[in-house]
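A short worksheet on the structure shown next.
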Amino acid sequence: MADALLLYRRLIAAQVRSQLQYRASFALDIAGTTLITFVDFLAIVVIFHNVPSLGAWTVHEVAFLYATSCIAFAFTDLVIGHLDEFPQLIRHGSFDVLLVRPRGTLFQVIASDLALRRLGKALQGAVVLVYALGGLDVSWDAGRIAMVALMIPSGAIVYGSVWVAGACIAFWTTEGGEVTNAFTYGGNFLTQYPIDIYGRWVRRLLAYVVPMAFVAYFPALYVLDKPDPLGLPRALQFLSPLVAVVAAVLAGVVWRAAVRRYRSAGG
Amino acid sequence: MARVRLNWEIAKRGYRRYAAYPAATWAGAFTNTVFGFMQAYILLAVYDHRTDVGGYDAVDAVTYVWLAQALIMTVYAFGWREFALRIKDGSIAVDLARPLDPQRYWLAYDLGRAPYHFLYRGVPPFIVGALVFDLRTPSPLDFAAFPVSIALAVVVSLGFRFLYNSAAFWLVDYRGVVTLSIVVSLFFSGMVLPLAFFPEWLRTLAHALPFASMLQVPIDVYLGKHDGLELPGVLALQAVWAVALLGLGRLALNAGRRKLVIQGG
Amino acid sequence: MIEVDGLTKRFVVREGRFRRSRRTVDAVAGISFHVERGELLGYLGPNGAGKSTTVKMLTGILVPTSGHVRVAGLEPSRQRIQLARRIGAMFGQRVQLWWDLPLLDSFELLRHIYRVPADRYRASLARFREVLELDPFLGTPVRQLSLGQRIRGELTAAMLHEPELLFLDEPTIGLDVVAKQRVREFLADANRERGVTVLLTTHDLGDIERLCSRLLVIDHGRLIWDGGIDDLRARYGGERTLIVDLEEPAPPLDVDGARVERVDGPRQWLRFRGSAAELTARVAARARLVDLQVAEPDIEEIVRRIYSTP
């Protein structure tokens, strides 16, 4: 495990070095990402210009959802966002090169890049989080602090699992890869808003199939001490880490199965 | 006549380039549909509190959502870099040596591409939206004006895209300009939210900018927000922006061409 | 080192507008062969014959449909990672190096991927640097390398971890004559001095002639030749050519067992089968010989003949 982390660090070190080589360019990149992702929050601001609440949530509460969801997503995007280009890797036959190396294929794919500029999304997320917490009266205790600390990595792992599972589509068709965007970027967009505004079957999908509701919504209910507008069991609010683990395991299973199929059916 | 034939051939090429990847198109249409659902619910949640926002009622808002999804790819709102890339990798030298003006080329190309995206990435999500939600039916006049408005929107969009692409003539790292342009155009085109939702002052600003002509105007035409003389008026506005942006693009192209000739690629 | 028995790979090809009609294709149809440690063999076949499919099954990329395969005592499809440590592979047309990084950085990364101890790596790298003359471009990003330089880099990359077995796919493709020679010498040395087993997939018959003592020829998924090059020549060689230089120009010689293919002044080309010595005696009885040569049929001709033999 430690050896794998060390190798990971080495593999991405070169990418990171070349990104940081041109300071001005890099600063511009991050600024650009921060700005472009901030537009999503501007939309929320504009919406709340027109109404006092969305679903059962005030602007600061929605800002909390938005911020935690963005920060989680930013880290996932940072580490595995380049999976969007995975179809190209398959198309060029470069995946075979990975199969001849004495390492796991998913590890090699993930370790192939780390786009630092994607942290811009976390930057604006952090700013919005400060804004959110500033306008909320949270009764902080150890539990709530822990929840905030846990929900972000858990959310990141849920996003990551969806990303990995979605990338497997490339083993079947190298052109239909964009479908995954609906679940990764779509999932992120969706979790920026409270789940209770969505139609019933969308909510069911979100809670139980693609477990996006566990990224921000359920943990937020606990942190904000908010009664669930949907009246769902309180226990769900604590399940994010578990959901993350299950999602990660499932994603690994899907990946392995997809690679097995690729190795049976040929390129 | 030869010029018409040439433009037709270029337009066909633009169409074919995207028609060659049907799987990608369907995947994209699926994504549009998913985003459409999410946005529709978000806007409907606003109407829990009000019946009218900036002249839009709930049906207007939901119809806006599905029209916006239909038009994103049609007007190629999320950024285009092909021209900038050709400047950067030097192929522009070849393009400029040919008796074919790059701006005219990309315009014809885009006018060929847009129908493909409208038909295959625009219409299917809209149909899904129409089946699930209650959408506004346009009046015959508005329905007839709609395609005209879309065509103008495509030209306005291409004009703007060509303009920010030409930053590549002067800037080594043009990505900042491109990103900024995309962000601004996205926000003020009505892509993120209908301009009707904006506070008064922001709305006024938005309508003074060309970006509204890329997306919000055709949507408002469909929704019947412009009656009487307003209708031809708003189409004329789109035409004016189209001409203005293409004109600025032409100036940029000439300046860029001069720079290349003097300094080399 | 390699044991293959009844190896088969069947693909299902979906065709038609909506990919509805199906067809099964046997890319590899039950081939069997053994390779001992230290051999350097060539693997030949027309395009689409099943060469790369075979190699993919040997390296663990593809899972066989049926049959038995053992490489270095391991089952490639089940023990992929274990096997990967002991083999090296180079696909001439696919880049394994990191495109944007200096060549040396690629080597360093591979060293860590393969867990090569520092001292072994240094020694290994020093050897490659000397033999393949890598120093002038060690610091150059791979994308800026010439083809010849990149191939030398790729070869090094494939061998840095001192694999027991090397799979090379078209390693000399696109190289100029001098570069080809250098690579061939390098491979021959690696095989001879350090006993690296090499399976060389190639279309380049020069590679074959200069490097391989044994040849596997595959066509339509079946192995149509497995043996030494000399045996190949003997079997399919057919006619050889005796080139005689006479004292003075003469009409075409009429000799038993030979026919004159070409006459150019005092020189005549005689096609014959069988013993060159006997034919020479017969020719010498007819005319005054100044000099002579025996030309073997080239591999290309032989292989073409094999491909066209049903």
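A, B and C are the chain letters, set down in written order, and residue numbers restart from 1 in every chain.
Quick note on the criterion: contacts are C-beta pairs under 8 Å (C-beta built on N, C-alpha and C of every residue); 3 or more make two chains touch, one makes a residue touch a chain.
None of the values given here were measured: they were computed from a predicted structure.
Distances from each chain's CA mean to the overall CA mean are smallest for chain A. Ranked by C-beta contact pairs, the top interface belongs to chains A-B. The mean-CA centres of chain A and chain B are about 29 angstrom from one another, to the nearest whole unit.
Centres computed as Cα averages put chain A at a distance of 48 Å from chain C. Note on chain placement: the centre of chain B and the centre of chain C lie 55 Å apart, centres being C-alpha means. Of all residues in chain A, those touching chain C in their complex are 3, 6-7, 10-11, 14, 18, 92-94, 96-97, 99-104, 260, 263-266. Those residues of chain C lying in contact with chain A across their complex are 9, 11-12, 27, 53, 56, 59-63, 77, 80-82, 84-85, 87, 89, 91, 94-96, 98, 100-101, 105, 108-109, 112-115.
Residues of chain B touching chain A in their complex: 21-24, 26-28, 30-31, 33-35, 37-38, 41-42, 44-46, 48-50, 53, 173, 175-176, 179-180, 182-183, 186-187, 192-193, 197-199, 202. Considering their complex, residues 22, 24-25, 28-29, 31-33, 35-36, 39-40, 42-43, 46-47, 49-55, 173, 175-179, 181-183, 186, 189-190, 193, 197-199, 202 of chain A touch chain B.
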